[in-house]
Amino acid sequence: MKNYEDLGFSKVDVQREERSGYPEVIFGEGKTPEQIRVIMSILVEKHKKAMVTRLSREKAEALIKHFPEARYDDTSSVLLYGNTDYEYPGSVMVMCAGTSDLPVAEEAALTAEWMGCPTTKLYDVGVAGIDRLLGHRKEITEASVLIVVAGMEGALPSVVGGLVKRPVIAVPTSVGYGTHLQGITPLLSMLTSCSSGMSVVNIDNGFGAGFQAALILKLAADIGGNK
Amino acid sequence: MKNYEDLGFSKVDVQREERSGYPEVIFGEGKTPEQIRVIMSILVEKHKKAMVTRLSREKAEALIKHFPEARYDDTSSVLLYGNTDYEYPGSVMVMCAGTSDLPVAEEAALTAEWMGCPTTKLYDVGVAGIDRLLGHRKEITEASVLIVVAGMEGALPSVVGGLVKRPVIAVPTSVGYGTHLQGITPLLSMLTSCSSGMSVVNIDNGFGAGFQAALILKLAADIGGNK
Amino acid sequence: MKNYEDLGFSKVDVQREERSGYPEVIFGEGKTPEQIRVIMSILVEKHKKAMVTRLSREKAEALIKHFPEARYDDTSSVLLYGNTDYEYPGSVMVMCAGTSDLPVAEEAALTAEWMGCPTTKLYDVGVAGIDRLLGHRKEITEASVLIVVAGMEGALPSVVGGLVKRPVIAVPTSVGYGTHLQGITPLLSMLTSCSSGMSVVNIDNGFGAGFQAALILKLAADIGGNK
Amino acid sequence: MKNYEDLGFSKVDVQREERSGYPEVIFGEGKTPEQIRVIMSILVEKHKKAMVTRLSREKAEALIKHFPEARYDDTSSVLLYGNTDYEYPGSVMVMCAGTSDLPVAEEAALTAEWMGCPTTKLYDVGVAGIDRLLGHRKEITEASVLIVVAGMEGALPSVVGGLVKRPVIAVPTSVGYGTHLQGITPLLSMLTSCSSGMSVVNIDNGFGAGFQAALILKLAADIGGNK
Amino acid sequence: MKNYEDLGFSKVDVQREERSGYPEVIFGEGKTPEQIRVIMSILVEKHKKAMVTRLSREKAEALIKHFPEARYDDTSSVLLYGNTDYEYPGSVMVMCAGTSDLPVAEEAALTAEWMGCPTTKLYDVGVAGIDRLLGHRKEITEASVLIVVAGMEGALPSVVGGLVKRPVIAVPTSVGYGTHLQGITPLLSMLTSCSSGMSVVNIDNGFGAGFQAALILKLAADIGGNK
Amino acid sequence: MKNYEDLGFSKVDVQREERSGYPEVIFGEGKTPEQIRVIMSILVEKHKKAMVTRLSREKAEALIKHFPEARYDDTSSVLLYGNTDYEYPGSVMVMCAGTSDLPVAEEAALTAEWMGCPTTKLYDVGVAGIDRLLGHRKEITEASVLIVVAGMEGALPSVVGGLVKRPVIAVPTSVGYGTHLQGITPLLSMLTSCSSGMSVVNIDNGFGAGFQAALILKLAADIGGNK
Amino acid sequence: MKNYEDLGFSKVDVQREERSGYPEVIFGEGKTPEQIRVIMSILVEKHKKAMVTRLSREKAEALIKHFPEARYDDTSSVLLYGNTDYEYPGSVMVMCAGTSDLPVAEEAALTAEWMGCPTTKLYDVGVAGIDRLLGHRKEITEASVLIVVAGMEGALPSVVGGLVKRPVIAVPTSVGYGTHLQGITPLLSMLTSCSSGMSVVNIDNGFGAGFQAALILKLAADIGGNK
Amino acid sequence: MKNYEDLGFSKVDVQREERSGYPEVIFGEGKTPEQIRVIMSILVEKHKKAMVTRLSREKAEALIKHFPEARYDDTSSVLLYGNTDYEYPGSVMVMCAGTSDLPVAEEAALTAEWMGCPTTKLYDVGVAGIDRLLGHRKEITEASVLIVVAGMEGALPSVVGGLVKRPVIAVPTSVGYGTHLQGITPLLSMLTSCSSGMSVVNIDNGFGAGFQAALILKLAADIGGNK
């Protein structure tokens, strides 16, 4: 039995759900609508669900003609097909520092939701107005996992990390100018954070953060129980 | 009631256990033995346990005179005092790519253990000898959280990430030369990984990885239950 | 006797075949179709064959009007004229990690073929699905030279290098985002690889990898024989 | 009349007090005690005061033999001679994020004091324990100018900048490891800050921050008055 | 009482004037005209004035339809609404090194003026023609705060810093090519300056420099008086 | 049957000779003499030969006590034990640009020799004295594989690459100062070379170049024959 | 008497010819045709000649309407008005490594000629075909000053520097891809060159190289004579 | 007739004087005293003079035992043997910005003098005290060639370049801290300078600047004469 479908230009990893818990997700950037359609057909047939990230509206419209049940989100440029039929215990809070970080934050939230996580959102709570953040301290400390998205100097995750006893996944964004260096600065800042319990994903990688958050809730669901 | 002890040169955060789940951990580098002794006394009195990282043997010996119950680990340069009296469900696997990555791997393992995590270890399984890694596939897929430590080109976490359905925390190390750039290369490599479900901490930050792994198991213990 | 044709804007190196074993190859980027036509005419007259890399479809169409026997490959943007009339012993395997690496991989394969090498191809075998790679272990170990193309974190050559007793030429690609740094990350990663017997060419330089692979097979053809 | 003393190896700028408001300050690093002694003699004779920064204890001891009234501060490695005989209105608050930032913070404070500024200090108030910082909100908002010193990810100035209506001068320090890049990371972070009203000086340049803070208070003293 | 208006995509900080002395300023880049209009409405209602930076002419025209009293400046891409009804003592001099630095210089000047500062301007006085600069020495030394804008190698602030006894705020610009590195070179140059009393803001951040200059004059107005 | 010996701190890859054609080579830097001794014992027992690179004289002397037949080379810091009992056809020429590149060049030469390659050497032929190089044109064009070692600007491989029809492996060295950036400059220069048929290894990685050269000659020996 | 014309947006340095030997040259990039026209009018009136660099054909055509005697060169994007009426002794040789470096080489040549230098040209003599270069050894050694333009790895100046007893000015170009880093690699390479007697200008700065070459010939004309 | 002496570890280029106008100069760093002695013997025998740069006092003392006529300069770490018996017309002015730049400035001056140039020196004239510089305007404009040495932000050459009609050679130094980046900042600053007629050499490369300055005076001597 083969563990992938060989399409020549691509080897679709149809065994990934067994191995990794979730079907392969399609990275839409740099693929033609036709390439995506073929890969998506295999995934839909096998798993009854599919997700495409970094997909332009144009490509999305072409795909929706073939998959009318699919739904496209303009903010995050994500296309979803199918749903999870379960929900994990706990919840993922997605926070962001500024209005311009929304596309990345929404990609994270949609990913976590599609993988079975309840999510809450807290947007535009950058550290330059610390009271906006601290006004939500209760919700923040109640979340199970926190995805903290920030561009500019990337300081928000450090502050959040100091408020909670839960894992924080920091996502730097490419929103900024000059010394922001297309996201290198918040990335370095987050990696150098003085807060413990925090880890970091690639610039603008909302998907990766949502994915890891879901793996954490899944783990809690699978092995949890009081100490 | 004050939430910290003010020592002038330091404000010891004695409320951190309530807030973050664990007492403050002392970063030993750049502090004098006397500074560490004072801070450690407050933490030991308050929490009955303490941990000091990046502590040279010389400083450790000076401290052990004051805290004879403390124990020092030469490989990781960690000093521990006290123990957790509980153990989380699940387990943390600490892997490393090469022999020279051991200090960082051991720092991660000791941190996770001291915080209540059962740990397993799989060392010197770099990708240039992929069979050494795959020979342990079963143990790898059974771990709850995986800390993957690697210097050089930092490829190990990408391979491990593709084998498991659990969160992977990647730790780049400063072991290498030339284009390794003191750990920048494995760091960038890990952040750019094609594997989902993986996040990254600072170069040589075994402590941070162990800490986040423990927060994940703690979460599972606190909120877990089958979906 | 002059060893080049002086065109004013260019000195065409008509002696290169004698010196280097192959005629000069034209780098199409940044040259006008007319400049390329003139240089190509000299090469075709002298060598009965020519190769142009990094050529847009528009320029290619203009050139094919003058050289109707020439053939253009859309994936790699390479134009070829004429053929080798020999074939080296052994074979070059061209591998790539992801679908988006195809243009570079095909440039490498076409170059090696045009220079007289039998080639085999193994595409979309990134390390996050290691079984897709290892399922081809036999073919991999039988190749004479391996060209391994990868974007993202560039981990594939390290794994391949550990499987074979043959030279590996690694090619980083500019496919990725954020910390990928337009290919700098896989480049650094490949240079820092823990695998021996591997060397690296410039980002996206499929041509250079194919060229060196052909020189290796040519050497084997010229001097080979059992020890 | 010459506006400097020409010592061959140095041209001592004896007119700087008139021009810039303060005598030249000696940068001690890389000068021999004898060179410093000669320059300092000229300054003391002319201005009755002198300041030497980045001076090792060894060199300081040699100098104190010649200038017994001089006083040396071990934390900041600053040597001072003479005093201002005035005090500006307002005050400079010097804050730092961690214990290891003290040398830079003290250099800033000593500079500002020596130039005539009342100072207050608030140390070890990093953002990972935001309550330590906010517990001092009243003092913070009452300061006239704030010098905020931070290593690691350099997030403290962003938070402080959002709390006050006064100018903030941020000073990154070289305290950190790995992605901290010897202070480049907090520097970039501070420059990219989402807080308005903040500017930045060179890594570890406590002197520069203290100097500018004093110029600001001096300006207030010179031209001030209600709008 | 809430200290911000929650618009979902944005939390407008209506308390900032009390806290920071000035209402929130809208960063126009990356926001839709509709988003800006909503935020601006809240600010206008609350404060009777508003400022939008980095706003294209197209967006400005759309906004002026809603706010006919607003005025747009093409050089700096700034939109202003309302006026201060006071003027601080002292003055801000805005200088720039070359003609191409004008947009940044004008952004700084408009910001300072809108916040209540008298300003003077001295443009195109780069150090390669030092006499153009020194011909204005008197005006330069009379300014209260100096904003010095420069692209290329960023040398102007160092020279100006040596002429005055007042705070200098240096602004690097993205004007240049090659080794100018989009403004990184003048930024590094300014941070490394041998002049005391100087601090630096982000590349092209005329707004930030103008804002800090205004805070300094405001401080002088609030607390000033002779020593 | 296990394909490695598990020493706890290391998993010795005793199957590598079968898989890769050569036994594992020990990287001496960062290992204790005792660790090296244990690993070396296993390798010597299994393969009758061993090689240790980057070994200080002190560690070498400690090892020679256990392995009296081993021989140490001071220039390259390599320890060798045992010999190949065969010699490949063809030859490897090792060239270097300057006297200070000798340690890297000798590491390359010793590696290739120990693996069965005849070698020739051409040292101190930097391009600033091009006649020194071209005086050896005949030997250069007769070599089967060329290893070209250069620090400073790394120009030598580009010139050599244009003279020959054989594969060139370029090795940048860390010899230089200032803009040489510890070898980054010759590395980038070599990767960007206008010569075809050339690939590059890590800075100072003479071993890697020698290893790949030997794999090329081995291939020629294994599969060679005229086209 | 004023030493510049103040246009508000620009201060035209009309005294530069006296001070620097040549009138101010207009950098065309980022200026409007109208701005250039005004500045050019002043220069033409004062000096009877003018030069504009980095000028697009569109802007050039608009300017030629006002200055019909002006002539525009498409390769270098330079506009010239007027001529020198003298010619320096000696000659400037402008060399370039590849066809794509022509625009920069021609900018250098036109600059030097317009300033009074006889020039010779030697193009497309990259080091990968060293015989093309050495075939011109006689002309090369006879030049008075050599401007050597190169993209890619920038090796040509090192070789030329070793052939001559005259000053070499190296110009890196932005022609290349991948590790070429938009010209940073040849720049670093040239700065690190093992050849003495060579200096470097900014990436693509043909103008600067031509200008310095002319200053050198002018010096020879002004002070020369046999020792 | 051989054009070099082959010492095995070095090929001494005894023909360089004919080719380049000057004998080979020995770079002392990284060579043993014995290696230097052998090379120096050949050069002294052939040319009656020799120069060694970057030579420690220890090595110098060892060499002076063999070459008692040699003289060593402690500031620049240069060893000289023999003298020129001619003097070029014109003069080289060596300037530096700060006291710590003296070693590099003296290396430049000694090199130029040893090669036959009259030199003048102007030290510690950094731009933060512009009057110290402008007080010497007459001498500056009278120099034939200007070598301008600066660490920190490297602004001095830009100002000097605007004052003179002669070629300026800028030398960045490694004197500074933090954002100075071991000399990268003044290097970039000098390359990006808005002054024409200036070129740049490697960080701390006083020798290279002195060498080029001498080639310029030599050219003037060889070909000069009024236009």
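Details
Here the chain labels run A, B, C, D, E, F, G and H in written order, and each chain numbers its own residues starting at 1.
The definition used in the following text is that contacts are C-beta pairs under 8 Å (C-beta built on N, C-alpha and C of every residue); 3 or more make two chains touch, one makes a residue touch a chain.
Note that the structure is predicted; figures quoted are calculated from it, not measured.
When the interfaces E-G and B-C are ranked by C-beta pairs in contact, the top one is B-C.
Set against the Cα centre of chain F, the chain with the most distant centre is E. Chain geometry summary: the mean Cα position of chain F and that of chain G are 44 Å apart. Each chain gets a centre from the mean of its Cα atoms; for chain D and chain H, those two points are 37 Å apart.
Averaging Cα coordinates per chain places chain G and chain H 25 Å apart. Chain A has residues 129, 162-163, 178-180, 184, 187, 191-192, 196, 202 in contact with two or more other chains. Inter-chain contacts, as defined above, occur between A-B, A-C, A-D, A-E, B-C, B-D, B-F, C-F, C-G, D-E, D-H, E-G, E-H, F-G, F-H, G-H.
Note for the complex: chain A touches chain D at residues 97-98, 126-130, 134, 152-155, 158-159, 161-163, 176, 178-181, 184-186, 188-196.
Here chain E touches chain A in the complex through residues 3-4, 8-11, 13, 15-16, 29-31, 35, 174, 183-184, 187, 202-205, going by the rule given at the top.
Across the complex, chain H meets chain D through its residues 99-100, 102, 123-125, 129, 131-132, 135, 175, 177-180. Listed in rising order, the residues of chain C touching chain F in the complex are 19-22, 25, 86-90, 116, 144-145, 162-167, 169, 187, 191-192, 196-202, 207-209, 211-212, 215-216, 218-227.
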